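Look at the two complexes coming up: chain A is in both, with chain B in one and chain C in the other.
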Partner chain A sequence: MKWWGLPAKIWMSCFILLPFLWLVLLSLQPTAASTSITTFDLHQFSRALTPPYSNIIIDSVAMSFLAALTVLAIAVPVTWSISRMPSKKKNLWLALFTIPLGLNFVVRIYAWFVLFRPEGIFSRALRGFGLDFAFVSSQFGVFVGLIYGYLPIMFLPLYSVFEKMERSQLEAAQDLGASTLQRWWHIIIPETRSGLFASFLFVFVPMLGEYLIPRMIGGGLVATLGTQIEGQFLGSGRPNWPFGAALSICLLVAAAAVLSSSFILLSRQKSEKSARWSIAHLD
Partner chain B sequence: MVNRTSRLKKIGILVWSILLLFILYCPVLFLVVFGFNASSYALRWEGFSLRWYEKTLENPEMLSALFNSIMVATVSTCFAVVIGFLYALWSHRQQNKKIAAAGDSLMSLPLFMPEIVIAIGLLVVVSQIFRPAASNIGIPLDSMGSIILGHTTLALGYAALVLRNRFKCYDLQQELAAIDLGATPRQVFFRVMLPQLVPGFAAASCLSFAVSLDDFYVSYFLSTGGSSLQTLPIYIWSLQGRRAMTPEINVVSSLLLFIAAFFFAAGLLLSRIDATGKQSGKDHL
Partner chain C sequence: MSETLLSLQSISASMAGREILKSVSMEVRLGEFFSLLGPSGCGKTTLLRIIAGFLQPNQGKLLWCGSDATHLPPQRRDLNLVFQNYALFPHLNVFENVAFGLRMQKLPEDLVVSRVAEALSLVRMNQHARRRVTELSGGQQQRVALARAVAPRPKLVLLDEPLGALDLQLRKEMQWELKTLQRQLGMTFLYVTHDQEEAFAMSDRIAILNAGRLEQVASPEELYSRPASRFVAQFIGTANFIPAEKTSLDHARCLNSNHHFLLHETNAEVLPENYPINGDILVRPEQIILKKKQTEELKSLSGVIQMRQFLGATVRYHVELQGNHKRTLTIDQSSAGHEPIATGEHVSMLIINPSSSFFSESRLT
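Our next item is the complex of A and B:
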């Protein structure tokens, strides 16, 4: 009985933990040619953290952050209203918003690309309205593509957050005549804060390493962390595995930084709130 | 007054939802419809025809990609479900909750790591450690083998999670009753425990299969090592990069869409069925 958990743990150690460890060791190798682990130095990291690569890292983090925030803002009103529907209607709407999650990612991005190319139907129609945007081969196009690609991922986690929320406080506020804005600002957002952060991270972290969208929609003209990492491993130029490894460690560190700062922010707000709560009750 | 603003709000939300659904579904619908195009160009509509379906279903390159995808998905689903089941059983029986929780977070790592990092990590260890080690003992680890290893890792995260949650609604009373009535451990395992877990197995298998079919990153990075091996998503990716685009890409995409979405939907629905066979309404995902 005791050994039953072992195969799974060994598997994860061999194919998740060991690769991670190996990437760390590889990133500490000085030259592109090093294929074995020999020495330790920080040359690759100092290269990754100076321009032009530092700018690419900052751009990617900023773009993913904004795109994930936009996805959250787009999904919140819909998911909230679904979570308050009667259960039959709810299942139908939830299914409609969940199905795109099961549609293949490569296919969805390609389908988007076809419609929004300069000769595509959508961009022609938009040009007809006088809206001439560069939806492909531009930073803006990649940004919109990220939003389109990751939108379906947001609905289920958000839904479970809203579904679990305690309703009594909200009903009390409504009875006492709080406006919609007041209800959101004082009750719904504080109450579901940690769930909102989790859903945000669920989208932000994979966006940060996205390769497919910048490559296909950006047409090779938009450099992101994902395309740079891919280039170091499979690119047409000279591969540089240690540098690619260093870039992917930077990716993980950036994701971890956002994660931990959100934790710190959350716990501080919580303690502030509870402090205010206890003061209010002392009075 | 209050009524009017709340009605306006409702209409606003409805319009917003329909707009979102339109944006989410429209590109994919266009793609599927253009697979029935008579024209030789992917972008110009010249009437309905099944010409490209016939052509695509005879294309050996596409058939081998389809075969590879199904082969990889089947093998890695078997691995993932068996290993995931053993893990779920261990985690369920583990008395020490802290140890069980640590195990659960180890198993959920593939769900939270960026896929590109998982993929290059696998590329690095496969080509620098596992492939040399395997050839030392006389086993060639080719692209197919390494892609199977990678897909099993991704699928195992989901399979372990689904089966683990399945055990949470496991009815221990039945097992105790069986033991009281003199059932041997083997009988308890096969007659009491496994039947209760059938929906969980089905859900875990379907989801693992869908995860493997859908995967792009792991196949993309591992397929270039040694002989290049194409799965369906990689084949679509390579078609997209070619100069002359025929409706063939639409046909291949539609096929992949339907197969993968079927398994995904089945997995999701099955994970909502509880042990008595009723819809529990609660996701076990």
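Our next item is the complex of A and C:
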């Protein structure tokens, strides 16, 4: 018996496995009032997987996925350019970009609400230019809020990925005739692939369960998986813990599904490439 | 004289206000093995990066086959670089690493395959085509980097101290291989190194760079026997400077003895009435014959043995020169049939070089 695995096992059982089992048990309760551990049914799940809740789940997954992709698309050029700076400048810029992380999340999000509510200065300024759109209480507003809220979180993991990319490799590629676009496509993306993927997950998964941003910017009018779960557990109306537990498990399954399908996609791409290599060699 | 491939015209470069290259002009000929040799920090890597196109010179021009290529981007220069740390692509296997340049040229797949196979067999790595580059030893990575650089058949291959990370034995082997490969391919190699022996072992011509200035460009033989400056004389092999005075255009006399030298340096700047000029004669360690001192000899220098080192083929002596100008000389004697001389013994030294180089005192740095 190898004892050194024990701390990890204890941690897993106490803080992950047991609470999760409790969540599963809870989700199998037929009604909010019942506390039986002998009668189970899938009533809560059938409710979660039919409209309107099934639509909310799909919308949330789609929105988080798109928002995480957008964050990645913004963070990649920014962090790349920082990672290529001389080291003195690098630290300064990295600090500037991650300072928002030091501010309270609620304050940061509330600032958006203040600026973009109908009587806020940004909204008034935009109206002055003839642009009138509902930002607060709209799906779009929540989407932008998610991007803003999670952008600084993406910078650090992505930076550490790009930082490791050696200059000499890019120069070697350039020397062998690769243009900027070809260097990205053939060298940077393949070499940092797993890091890009991890950074994406780093924001996508918490976005999926996010309820502060939809609550504050959405003003209770934009329903996401996060706000629904929160409502079932802490809501001012009638809390329904078993239903909240079922929604949580749906969230977990959705996240796991996106994760595993991306993994499969990534590894298939890799094996296809290596198959091409071996064919090329055998000829 | 063969055709000029690359011509540098008064290239100057500075970084962060510090001058790194000072008006460097030289030519690399088609098909030669050319080395850039200099101590670390002399600017040779900067010069290499300017030739590859990663840096722009502040002043000067770079001519490629006669036309201006100073501002041509690296990907459009018909030359490939072998990096000091190899810079292989870790996500690609050996085959794909070597194929990279060919794929960038959009060559048809069957041509790519045959060119890669050819390049890999040149460096004896065709057995490892499917291996990951991260699984290879240093010497093998070196070979893959070389194959990757020659596979697209560039006009010029730049090598940035490529053997620096290898152990001595492997380095000697690779020197031989590089030279053979360059002959086989008929490509022009520009080799950057701080190792004088390495440059001598492979090069047709060597450029000596010191503190951003080009000291001399010549064949190894010429650099050794006719160095253009004290720096070159000391940097190439071991140099003994023996006090002498120059008495005419091609004549010098040793100050400690009655030795006379014929000079092959003909520096006509000096007016005849200014002779004699004080300075030093360059004498290489193997150009002196040591003898145990018996009687006072007019025509030889005398000294005292300070140390003896047995080096195998030669025995090296450190001898203190006696007389008005004391200094320590390094003298090599062939170990074949040599009778060892003990430390502390008085010896006489006979200089056997027929012609030599003279460096006046004013040039002493």
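The rule is short, and it goes like this: the second predicted complex is superposed on the first by the 257 of 283 C-alpha atoms of A that agree within 3 Å, B and C clash if a C-alpha of one lies under 4 Å from a C-alpha of the other, contacts with A are read in each partner's own complex, and residues count from 1 in each chain.
The rule we apply is simple: a contact is a pair of C-beta atoms (placed from the backbone, for glycine too) under 8 Å apart; a residue touches a chain by one contact, two chains touch by 3 or more.
Predicted, not measured: the structure shown is a model, and the values here were computed from it.
When the shared chain is aligned, no partner comes close enough to touch A:Ser54: not chain B, not chain C. Which of chain B and chain C touches more residues of chain A: that partner is B. Of the two partner chains placed around the shared chain by superposition, neither chain B nor chain C is touched by A:Ser260.
In the overlay built on the shared chain, the residue A:Glu191 is in contact with chain C alone; chain B does not reach it. By the touch criterion stated above, A:Thr39 is placed in contact with neither chain B nor chain C. By the touch criterion defined above, A:Gln174 lies against chain C but remains apart from chain B after alignment on the C-alpha atoms of chain A. When both complexes are overlaid on chain A, the residue A:Glu230 reaches chain B alone and has no touch with chain C. Contact with neither chain B nor chain C is seen for A:Thr31 once the two complexes are overlaid on the shared chain.
Shared contact residues of chain A with chain B and chain C: none. Across the interface of their complex, chain C is touched by residues 166, 168-169, 171-179, 182, 186-187, 190-191, 274, 277-278, 280-281, 283 of chain A. Those residues of chain B that touch chain A in the complex are listed here as 9-10, 13, 16-17, 20-21, 23-28, 30-31, 42-43, 83-84, 86-87, 89-91, 93-94, 103, 106-107, 109-110, 112-118, 120-125, 128-129, 149-150, 152-153, 156, 160, 210, 213-214, 216-217, 221, 224, 233, 236-237, 240, 249, 253, 256-257, 260-261, 264-265, 268, 281, 283. Those residues of chain A whose C-beta lies close enough to touch chain B in the complex are 1-2, 4-5, 7-9, 11-12, 14-20, 22-23, 26, 35-36, 74, 77-78, 81, 87, 93, 96-108, 110-115, 119-121, 148, 151-152, 160, 180, 205-206, 208-212, 216, 226, 229-230, 233-234, 241, 244-245, 248, 251-252, 255. Only residues 52, 54, 73-77, 79-81, 83-85, 87-91, 93, 95-96, 99-101, 104-105, 109-110, 112-113, 129-130, 148, 152 of chain C touch chain A when the two sit together in their complex.
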